[in-house]
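Once you've had a glance at the structure underneath, I'll fire off some questions.
Per-chain residue numbering starts at 1, and chain names A, B, C, D, E, F, G, H, I and J are given in the order in which the chains are listed.
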Amino acid sequence: MLKGIHPLLGPELLHAIRTMGHGDEIVIADANFPSSTMGPKVVRADGVGAPGILEAILAHMPLDTFVDESAWRMEVVGDATAVPDICVTFQGLVKKLAGDFTVVPIERFAFYERARRAAYIVATTEFQLYGNIILKKGVVRPEELFRVDSD
Amino acid sequence: MLKGIHPLLGPELLHAIRTMGHGDEIVIADANFPSSTMGPKVVRADGVGAPGILEAILAHMPLDTFVDESAWRMEVVGDATAVPDICVTFQGLVKKLAGDFTVVPIERFAFYERARRAAYIVATTEFQLYGNIILKKGVVRPEELFRVDSD
Amino acid sequence: MLKGIHPLLGPELLHAIRTMGHGDEIVIADANFPSSTMGPKVVRADGVGAPGILEAILAHMPLDTFVDESAWRMEVVGDATAVPDICVTFQGLVKKLAGDFTVVPIERFAFYERARRAAYIVATTEFQLYGNIILKKGVVRPEELFRVDSD
Amino acid sequence: MLKGIHPLLGPELLHAIRTMGHGDEIVIADANFPSSTMGPKVVRADGVGAPGILEAILAHMPLDTFVDESAWRMEVVGDATAVPDICVTFQGLVKKLAGDFTVVPIERFAFYERARRAAYIVATTEFQLYGNIILKKGVVRPEELFRVDSD
Amino acid sequence: MLKGIHPLLGPELLHAIRTMGHGDEIVIADANFPSSTMGPKVVRADGVGAPGILEAILAHMPLDTFVDESAWRMEVVGDATAVPDICVTFQGLVKKLAGDFTVVPIERFAFYERARRAAYIVATTEFQLYGNIILKKGVVRPEELFRVDSD
Amino acid sequence: MLKGIHPLLGPELLHAIRTMGHGDEIVIADANFPSSTMGPKVVRADGVGAPGILEAILAHMPLDTFVDESAWRMEVVGDATAVPDICVTFQGLVKKLAGDFTVVPIERFAFYERARRAAYIVATTEFQLYGNIILKKGVVRPEELFRVDSD
Amino acid sequence: MLKGIHPLLGPELLHAIRTMGHGDEIVIADANFPSSTMGPKVVRADGVGAPGILEAILAHMPLDTFVDESAWRMEVVGDATAVPDICVTFQGLVKKLAGDFTVVPIERFAFYERARRAAYIVATTEFQLYGNIILKKGVVRPEELFRVDSD
Amino acid sequence: MLKGIHPLLGPELLHAIRTMGHGDEIVIADANFPSSTMGPKVVRADGVGAPGILEAILAHMPLDTFVDESAWRMEVVGDATAVPDICVTFQGLVKKLAGDFTVVPIERFAFYERARRAAYIVATTEFQLYGNIILKKGVVRPEELFRVDSD
Amino acid sequence: MLKGIHPLLGPELLHAIRTMGHGDEIVIADANFPSSTMGPKVVRADGVGAPGILEAILAHMPLDTFVDESAWRMEVVGDATAVPDICVTFQGLVKKLAGDFTVVPIERFAFYERARRAAYIVATTEFQLYGNIILKKGVVRPEELFRVDSD
Amino acid sequence: MLKGIHPLLGPELLHAIRTMGHGDEIVIADANFPSSTMGPKVVRADGVGAPGILEAILAHMPLDTFVDESAWRMEVVGDATAVPDICVTFQGLVKKLAGDFTVVPIERFAFYERARRAAYIVATTEFQLYGNIILKKGVVRPEELFRVDSD
């Protein structure tokens, strides 16, 4: 346990998001997502829900402002306009912690394709269906850096 | 790079201090310290000075309050009362960031013995002789945890 | 995700408790426990509390009836008679899921010694101090085995 | 050995099916199947028959209801209409444990192609020829999750 | 699958007994045996019973005639004279396949000590309690070697 | 050393042919064959001739009867009709141990192509030029299995 | 620490530039660069700025004189003519230590493409945006070699 | 050190050339050659010159007589007719130790392409520019084999 | 295959004896020797007899002249004066190839102790009982080195 | 190849001496030294003599001035007062490059004991007997550091 760092970030996940750079993407996957066969390195987060991991990551990782879209969720199969409760939660956390970004819905297999090019997949035990989100990391500008004096 | 986390902590060092628990010790070693033959896992911090790493670690890791001593430096060989400038800096940073702890001087080979039982050794490129310090991790109490709302 | 198996058991933890045999012990460690330097293989359960993992393990793993004690917790340092809330929760879960076993308090460093001989340590993010428990696995008798017909 | 979990699932196989997600496929291969040269990770189940492994997996893993076909067997070479006894057994177990799914016959080399894209291959010692089956994992819905209270 | 070789011997187990030499010992362990924490390399035989593995090993591996004892079983805890059914089966198979050797009972913790010095442990899913046996490999004399002409 | 198993099969080679399935191919390569750069896993058989390895493999491995050709040798470069003595020996062993199969000659670079797709290459120290043969594994039918009673 | 070798070169980085040959390229990446997902081996230089690493590498590694361009920086996105301060520093160090080479600006995604084909990426903690540079190694001629006598 | 084997062949290089077969190629690379990024396995020969390694390899490895060319050197960039002294030395050693083979010059990037398909690259510290040579291994005929009696 | 090097020495065994130095010992073990559980690294020589390996090693490796004994065989159990035929062969080869050394018999368990401290064990398929020998490597003096001119 | 760094230092050896600290020792071993069985990590320097490696290491590594002895050679067996030529060379290089240190002779087995506790062993192909030396690394003081301006 560390001071000033979100406690849901274990050593593997901290290591993962610290190695990511501008434009790299990370998938927060629900308990039914085929994380292991996608290709990217998987960080297990068994027993944790997707919103908790989303909050923990956004507490320390900015989203990308160089592009039009920096967060995506999976469309409901057969009902492209549905917005599951878990996705409403995702959008709320993104707005609160990252700023004015839309969590863009994309079709299931397009979501898989995007996931295959991600830097990491966090495999949660989120029970709710469609509890998946992809985030694109932004830049930390020099003036935004942590400093001991301003602590 | 991450928000709210000291930028000198790279992915390996973040991982290391996140895995440490109550009572585990970490050595911040200068450029002449025999880090590789001590036994504990070495985290390389080539090109960085010891005070920078000390500041970065203490920004997030508490010292142990269950015991009488939680920080140690190496005594000057042949002059047990000397306090090198770098060690004055160490004591200042400990006081500022960790609280009222004394950085206790111990004899060179006793320092090596302590280092051999540490969890990790951070191998810096600190040029100053005697630029070594050992820290013992304390407990993070529930009320001290990072929380998004209090951010 | 699987049917009929506690969802908090991820693939590593399932693998771990499936390899354990009669008399092997497993530590469920809180967020301040020095899990990584104890020696046994560590299963990370970052972001999960100790009672959740305890419930998940006891849902599938019996305790040892061949010996007098099969579950232990760490005594409060400096107050051997205190029983922290988290330990009351532990005792309740053990009684409910494993049967009439006492969670025996043992002194901090004796607890560490026992942990060093365990088969596995599960490193949770339990925030409460003293949120550690050790379990000794018992025998599954032939008549207790899972059978499809009796499902 | 664990309570409430099919005893034919060893630690490797439990780990494997716990990592699988929606749409991932697993091959249960007979003793003559070229498991090692297909590409996917092989879980050895030497000495066990295919129906035993099929029963054990279906006891805990649902089949996919999002697609038309979720189970396949290999057609008899030179006699596409034959249904070997072992395949009758497969169909019976699928119906009993997974629901109203057809085990669809596919031509030998098409079966190999499908196997090459699977998540895992379980290499049994099933003696009967054509004792191979591929299963596609489905979704576990929140209301289907294991819960201690309903145990 | 191979001709003339017992089908219960998978590639790992064949490899194991082929590397063993005169005086090396192998443990066939039941489903409750703490195989993983004993130290020797474990060959998983999940889903297979102990008599099957015993038959398969003795079909190809001679016992040691240079010493007084070459096979051991675990004494029933608290009833040193009991002979469980599974152990009667063990003795029968040894007599039929290896010759006039007694399967010697030894006390539980002495059995563990012996297991810790074995070359391999085969972890079966034998359900019966006390379904454990240790075998000491003997010598294959030149005149006993497999020859194609005498096939 | 084991009873009933050809003594030239060491642990690696036994493991290799036990993992092979229907249709998998194995190359027995002479001392000049570029085994290491072909791609398949190499089993070293330094100091052993090709006919010995061929005899040992065919003693336990059937050839494929589902296809027209199941054994191949390399054509003499510049003399497609030549049949080196070593190849006569190969054909004799195949006939004696595997049945009525022709060892089909193929051109040097076509032989290399086939070797690149094999499951394994056994690198012998066969001195004779053109001492290479590829075998395609067949099926072991249930009635052909090794059984203790028929031993 | 070593005599006569730039102290910012730790063991990994020394090893890296010593293995590089004529025409190989190395990326010095800033703290926001997506170093880990580019492909080449990453040498971590957490806590160090890009000019320090540039100085250390150029102190010992010549640039390539066989081609027109041997050093590149990333163009500012949306302002191709801008020259950030950090890039002015880069050009100054190259001139001082390597000779009359221009640090050529290239578009962001072309820079990424070039980085993907590099031999190594050094991941610094350079805070300034656009603090990235790629260097192409040249030849050390016999007469330029270090010699003890000329030391 | 061994009798009858060239002393410049260390254990890695001996192992390498012993695994090579007919038609495999090996690169002896000078100190400026980009050995590590070519792809083939690199055998380090730091501190040794290219002629020494060439002599050592040719002392034990025949060149290929089945093809028109079996040895190549890199053309001088910008002067295709130049023959550097080191290449004269190469040709002399080839003639003396391997027979009547020409060391064929090929253009720099064609040489790189050839090197990428080699079995091994030996990375020497040859100071002279253009101190690179590629050799194609030939066949050792039975009558050329080492025999103790002829020793 | 290489010129001037004994063909029974495969790449692993060549590598092994090249790494050995003055005073290091190597065991040539028969097919019943418990090679894998002794501790030293095992070089497999399946299918090869012990005299062949002995000849191959002694063709290139001198025995130690600094000590009284440099070769040992295992005494026949229960008959310390017996000299098996295979051991007569060993003594003959040692005399012919290494010089005037006695192959000293030592008791079975003392032989095992010596084997546990060896540098390597070569696991042959020598069928004859007591077909084991240990060799102690000597020094190659400068004047004994292989030289191309004296080839 | 690098500028300003001794060319005999390959990437492994550079890495090794850069990780060493105050008091760590390194063995430069001749071609007959039993380097591989001593325990420390071995850096191969096949084909290079011991004086070359000694010069290269001393060009960049200071000896220890905190102790009475910082360099050792092996005494001639049976003639403790002899000083082989190679050892005279060692003493000369030490004096020229490191300063006024004596290369202290120690008895053969005491030398082995010291070697077993070293950080690294460099295995050269030094032909001369007794061509072994052990060096103890000293401290590089801040004022002795390499600086670009003083280059």
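Assume a contact is a pair of C-beta atoms (placed from the backbone, for glycine too) under 8 Å apart; a residue touches a chain by one contact, two chains touch by 3 or more.
This is a predicted model, so every value here is computed, not measured.
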Chains in contact with chain B and also with chain J, listed by label, are G
Once you count every C-beta pair in contact for both, which comes out on top, B-G or F-H? B-G
At what distance in angstrom does the C-alpha mean of chain I lie from that of chain A? 61
With centres defined as the mean C-alpha position, give me the chain E-chain J separation in Å. 52
I'd like the Å distance between the centres of chain G and chain J, where a centre is the mean of that chain's Cα atoms. 32
Chain D residues counted as touching two or more neighbouring chains: 1, 7, 9-12, 19, 31-32, 123, 127, 139-140, 145
Interchain pairs in contact, sorted by label: A-B, A-C, A-D, A-G, B-C, B-G, B-J, C-D, C-E, D-E, D-F, E-F, E-I, F-H, F-I, G-H, G-J, H-I, H-J, I-J
Can you list the residues on chain A that touch chain C in the complex? 1, 7-13, 31-32, 44-48, 52-53, 56, 123, 125, 127
Mind pulling up the chain A residues that touch chain B in the complex? 1-7, 9-12, 14-19, 55, 59-62, 97, 139-140, 144-146, 148, 151
Parts of chain D lying in touch with chain A, wherever the complex brings them together: 19-24, 66, 119, 137, 139-142, 145
Would you pull the chain C residues touching chain B in the complex into a rising list? 29, 31-37, 77, 123, 127-129
